[in-house]
Each structure stands twice: as C-alpha cells, then as structure tokens.
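Please find one structure pasted underneath; my questions will follow.
Order as written gives the chain letters A, B, C and D; numbering starts at 1 within each chain.
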C-alpha cells in the first residue's frame, strides 16, 4: 500500500487538522473535533448542515463555505459520522431559523441523522432533512428510497445552500434541495478498487480489462461487470442510464457534473466529458453549466461518475450563485 | 491499463475539446488547436504565455485565466509543445506590450521556446522568458541551470500573471516572475509510477514498500530510493530538502503548495500538510498562504510535491491577487 | 444453575474485545464482499478505544457493556454506532442493578438490547443483518432450562446457526440490500461480528462458572 | 560506386517509417529507463503521421526527409521536433537539387543535418545523445572510398557502434543529464532511434543498388 499515512486509525483526525490549517479563510473548527463549520455563517439565515464518511474529498467538508453548507459532520472512512457529531453540527449551523440537514442515503447516516434530529428537537432546534438518492444504478426506479446518494449531493447542497443564503425559510430551503435532488440522476463506472488504509488491501476486485458499471462510492458492486470500453462507449452507457431514468427531455436545460473517483487522470475526465457533451447535446438537451474534476471521490479508485440535474429558473439561479469552498469556488 | 480513453494517440486533442467545452467561461480556442487563450485578456497589458507537455493537469492550460496566464501551448503527453504552438501562443498573448513566456526547464521546451522567440522577433513581437528551475532534487545547488521546473511554476505564473494584470511593464513582469521562481524550491516523493496511455505499461518502477525521493514530474528518477516512510517522516525529508536549499530563514513569510501527483487521495495530502505545517512553523517560518490539492500532477502517479516560496511585500501582493482559472480560483 | 458476579465483568469484556481485535481482518473481508469493507476496521477501532480508555478502571459487566456501546455510539458512528451502541447501552442499563448474573439476567439484558435495536431499525429475522444472530441467541437463552453453562452453550450454538443462516439470505437492509440476489451466498458482516461478540461473551463468562 | 535516384526516395522513407513503427515499444522502454518513456510513442506518432499524409503523394528522397522533419517540428514537438526536425529538414534541403544520390551526396545531406543540429544544441560526441550516432555515421560516409554499397555498410556499422558507445556514457544533455552517474549503463534513446533511422535508410537505399 503506497500511501501517505501515519497511524491509519488516526487518518481522519490528522486530515482534519491539516484541512483546518490550510483553509482557515473558509472554515473553522468547533468544539467537536469531528464537526467543521464555515467561517462566516451569515446571521439570521437557515443553517445548512451535512455530513458523511471520509474518503470522498472534497466531500463533505470541502463543500462547507459561503453560500453552500454551513457545517459538516465527519465520519470515519466510509462510515457515517456519529449522531453526536450530527447533533453538534446542527447546533453550530442553527442561527435560530432552523437547520436543513442535506445528506446521502446510507443506512448509517440515516440512523445517526434520525437520532441527532430527535436530540436537536429536545433542545428546541428544528431540523428538517433531505436525503440524496441520485444513484440510478443502486436500485430500480420504483424504489427511490433505496437509492444511494452520490455526486448529485453537490447539486443538492448547491441549491439548498444558495436558497438559504438568499434568505429562504427552512421550508423553502428544504423544498429547493429536495427539488434539486429529485431532478438529479447519477451513475458511476469503476475501473480499479480502493484500499482503506486501516485494511491495507483492496476489499473488492475489478479485473484488469473489465469495468464495474454502476459502482457505488464505497465500491459497492454495480449493475453489471463488462469488458473495459473506450471513452465514447462509456459515455454512451452513462448518458443512457442517467438520461433514461426520467426527468430529462429534449429542450431541457441541465447542469452536468463529471467527477473522477480519485485516481483517474483529470485529462481523461475531459476526454469523457467531450463524449458526454456530444451525446447530451445530440438529444437536444442544453448544458447550462458543467463541472469536470474530482468533486466526489472514493479514495484512490479509478473511474468516473456522471451527474445530470434538470434545471428550472429557480435551480438555475441557485446553481449560478457564487460560492467559495475548498471543493468548488465559483465567481 | 484501466483508463478512460479512445485512441491514445488522440488523447491530447480530445482532452482539449472537452476542456474548452467545460470552461468556455474562462478560456477559448484559437486558430492553433494546440493553443488555448484566456477569454478576457485585458487590452494594453503585457501578455503572459506558458506551455508544456500534457499529463500534468491542471498544468498548463488549467492556469490560463484572468490575472494568471493569457495563453498556453499544449504538447503531447510529457513532451514539449512545438515551436509553432509557442509562436502562436505568443501571437495570441501579445497586446502590443510584449510577452513574458514563463515555462519549465526541460530540454524540449528550451529548444522550442528559443526557436519560437526567434520567429516572434522577426514578426516584431518581443518575448522575454523566465525558466522555472525550482526542483531541488534535479541538480546540485551550484548547477541551477540544470534544475527542472515543477510545481513552483504555479508561483511563477501567479507572480508574473498578477504583475501583468496590475499594469507592469514587460521587464517588471519578467522581474517578478524571476524573483518568484528564484525564491521558490520544490521536491517530490513518488510512490507509484504512471503509465503513458500510448505506451500501455509503466515505464519505470517504484517497488511496493519503497519511495522515490526527488522524483520528477515525468517519473525521472530522484536522489534516492528508500523504504516507504510514514507521513511525518516524509514531511521531514521534504521540508529539510526544500528549506535547506537557501533562501528560507527564521522569521520569513512563505507561501506553501502541497500537490498530489495525481492518484494519491487528497485526504492524505492534508495528513502530509499537517506535518509540513508543524515543521515549517517549528523553524520560525510563517505560512502566509497555503495550497493543498492536485495542482501539478503526473497522470496517475501516487505521491506528492512540496513547494515553498519566500515572500516579500511585492510577492505577497502578487500571490494574494484574485484569479479565476480551472486549476485555481482565488477570491 | 450458576451465576457470575456483575463486578467480575471486566475480564468478560476483555475477552469480547479480543474476539473483535483478532477478527478485524476477517470482518473486513466479509464486509468487503457485499459491503464497503470497513466493518472490521471500525469495530476494532471502537473496541480497542474502549480497551485503552478503561484499562485502569474498575467496572461491572453491565457498566462495561454500556461504556463500550457509548464509545461506538458517540465516537465511531457508521452503522455500528447506533446499532451496537443501542444494543450494548440498553443491555448494560438493563443489567445495572444486578449483583449476580445468570441465565435469566443475561437473557433480560440482551433482550432489552434487541428491543432497543428494533426501535431504530426495521430489520427482522431473515433480512440478513445482525438481528439474525442476536434474536435466536436471545431466544436460546430464554428457552434454556436454567443451567447457565448449558444456556451459554445453547446461546453460542444459536448465534452460530443464525450467523450461518444469513449466507443464504438476500439482504434487505443496509449497504448490501441494493444488491438483491447478488447479496446471496455470503455471510452478513454484522451477523458475523455479533456472533463473535456473543461467543466471546459466553466464553468469558464460562471462565467464572 | 553506385547511386540511387532521388525520385525513388519514397520507398526508402517508407522503410525508415517502418523501422520506427516496429521499434515503438522498444524505444519507449529505452527512454523509460532514464527518461520519461515517451520517445517511442512520439516518434511513432510523427513518422506514422507522415506515412498517412503522404501515402498518395509522389515525392523525392530529399523532399520526403524535409516533410518528415517538418511534421516532427511543427506537429510533434517535444525534443524530437526541433532535433530531428532540424536534422531532416536541413538534410532534405541540402539534397533538393540532386538527381542521383551516392556516397558523396548522402554524406553532404546528413552532414548538413548534423551541422543544423549543432546550431541548436550544445551536445558533442560523448555526451550521450543522438549526436553519438549521427556524427560517426557522417564521418564513415565521408571516409568511405566511394563505393556506395560499402559506404552504406560502413555508415550502419558506425551508427551501431556510436549507439552502443552511449551505453557507457554519462548523459550531459536532455532529461537524463540530471542523473549523473545513474545514467550510465543504458543506451541513449535518441542515439537508439537515430541508429534505427540510419540503418533503415541504408537498407532502403541498398534495395536500389
């Protein structure tokens, strides 16, 4: 395992220390060492909280900052933060107008958030939640409650964070974030596995010459293992899966996000995006804004995800709002 | 080779197409498909041109944008752009005030730039150059002309680009960029090799359990191969090499850049930065600004580089100036 | 019959901790097959944290269960924080006032833990989760005629059987539930760790019987 | 004595192209040892581009050299663009007006190429670059008594000897020059490709003699 580590059991805490040192202009620490907050949370606005397991940089702490998330709870690698961390993140995010907790659909996160929301309520903090479930490959269309949240969470945070920054009420923020994720679909293709530092070897295999279509952000198996394809074929597969799963039609405007899973050279993400853009354009869908880079990763996995969000006027305004975070700065 | 590719021989052109589609707000294409220019080059300023081989994303085209580079010439993977591309990049960058060509010290780039400068001169375009040579490990201190340019080029572009944006003359821009690189030192540690898509297998080896101290951005062997160390030991080694090679003293203020080589999880870069910050701070040196991320990569190599620049008031102002590029957006 | 003293619980908890530590890699492998591979690492981290933190402390069996659960819940998170956190804290609370612990008392503690779990998850027996280990283990204790030694053996056997049964199940909850039929044919990670915990607990107690 | 017609040059160039194409992987390996491994890939890309682009065209030996050099120079870049670009374009230009090409003419063409190269690089014989192949090859042609066949054999032998000599040298220029002593013990990539080009050129010409 060729990695930059001290004690693998401390990696999350050390990473957080380094992160806080490097981004002191954007984020700051809190009383809970597993909770990071934005430096300048505007008073008198709805708080936007998130959280999730580590190993997905920039997610989740990389999306804390002005006009995006106010706080993030930080879990172990691939594991939900504790309920206590979520609770503290709500406390930090709350400016008296309630908190929107926008997170991804994983069993651990669901349990911990649920508990934290209950505890927050006892303290008089109103927390409402939106659970991202954009990963088309993770369950059939008629079981949206089973679908995982993946890179589409970024659009959810963008919409929710922007709505809160623009002065939206808690219900409006929740509605905007919910609409964003409802209009968003994602799919991933995995090319190589990843190794959890404390485990020391990959915990799943992707055979050389094959690819795992629909892989999850923790290496969860996808829909299909098939022979490795060329970039244009991968793009076609991804676009078919994503665009085929509702809401997109000819004439739509969309935001597109192509994220590497960590170790795929960014150069190749542009090769992939070049093909994706042709295919989406070819369907008469207009790309209003696009993001290409390592936005939501899985340690050192190779591969990429495609996320598409259908825009209406509100979502367009929200997506276009400037933000400054470690993961995404938009002027 | 688990990569996202069509024909490996076309990867650079396809990447460029995708890049231009994704970043149409920042960059635009030119008559030469291997030259990218910033969308809004302010009239009446000194042009700032750069260029280099591909495979180092965000470098080089990722640093084209407002207040940074105006144009970049694009080469094959790991190969200098042609003299013709450099020449066209000068033509695009020139606003009548001359062009500063800021590039890295590689034999191919030196030859092609030299030829392009000569051809530009014939057309009446004045081009002056600064050659980055920040890589401490690539030659002894008394042979600075042999040292390679690595991630320190980012500071050179930042300083030169900012100086030009602030209205500096060609000589002032050149002086600022030269000062920046003279005050900058870098070193890299490689943990895994990279594979050129058209070659299909790694062209060098880093044995599991070892690390290559001083590796170059193209996998050029470093000073020493030694057993893999923990993050704090790697940090110590890097800080000793960089800070030991001049200009840094107790009481100095510096800018620090820790870049991944491509496939190292960003999480680990923060673990490394956490250690580096302690060591630099421990030497009584103040970190004015820091950058941690994948800023100058080598395809899917694992490992990281450390770059430190000593600041004076001028460099501080130049480093702090906002910029918007694909690789770095600073508000 | 037979009982052990609540105050002798430290060594039992130590046996449980050792059981998890020794199976860290194995649990990671099991979780890796249809999950994300972190189960062994997280369990090991939490259990080892408990071991170090309470090395010099005196505590009863019930207190130890509670504190272990609390560490999982408030410092480890993941799915195991709420799940084992709830089971162990609730079981510990239920045993707080016991002086001596025998079949009935242990059954009552673990059943309280199981019921606490049912409050937060929807999984039932047959859904390929740790419920498949814990529920039959509790049943075995309750059904046992009273001799603590043989009740513990029954519990171990039931836990093992329950764990093994998850192999042929299709996961309904948690990460692997999205795999549908693809989740069949391998053990459930939580069911496996739960069996390790219960087995070690029984072995630890048997030392005193 | 012996000459071949400049206008028959296409097949000679084709032999040269084939020589590079067949050695793409080998050149990559050689460059990988102390360079960045791209030498085979870039040479192959440039030479193949030339092949496709001029497949249907008629051209002389001198024109072919010039166009091949021009493609390397203006479309491939790297170190090879200026280096082989200069050598081949200058050699081609020098041969433009020849009708028939024999020992003297070829020597003159290649020497002009070598001199062009000396204008842009500082490398001399002994510095572990392609100069170590090209310079002795030119010398061999010049020293030859005039029979073109044996002159070509001499040139091949000199090129090979020159290439092999780079093995024991320490690189003074280019990417590998930073390695100092670590660059000793392997061939220079440019010297290797230059030998392939000269050998294929000789073999292509020999077909006409």
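Things worth noting here:
By definition in this document, a residue touches a chain if its C-beta (ideal position, glycine included) is under 8 Å from a C-beta of that chain, and two chains touch if they have at least 3 such contacts.
All figures in this text were calculated on a predicted structure; none of them were measured in a lab.
Shared contact partners of subunit B and subunit D are absent; no chain touches both.
Each chain gets a centre from the mean of its Cα atoms; for subunit A and subunit D, those two points are 54 Å apart. For the pair subunit C and subunit D, the distance between mean C-alpha positions equals 73 Å.
With centres set at the average Cα position, the gap from subunit A to subunit B is 29 Å. The touch graph of the protein chains shown is a line.
Across the assembly, chains come into contact as A-B, A-C, B-D. If you check the complex, the residues on subunit A that touch subunit C are 9, 53, 75-85, 106-108, 111-112, 114-115, 138-139, 146-148, 196, 198-199, 203-204, 216, 218-221.
Remark: subunit B residues 1-6, 11, 14-19, 21-22, 54-55, 57-58, 191-192, 206, 208, 211, 228, 230-232, 234, 262-275, 277, 290-294, 297, 299-300, 302-304, 324, 326, 329-331 touch subunit A in the complex.
Across the interface of their complex, subunit B is touched by residues 25, 28-29, 31-38, 40-42, 44-45, 73-83, 120-121, 173-179, 182 of subunit D.
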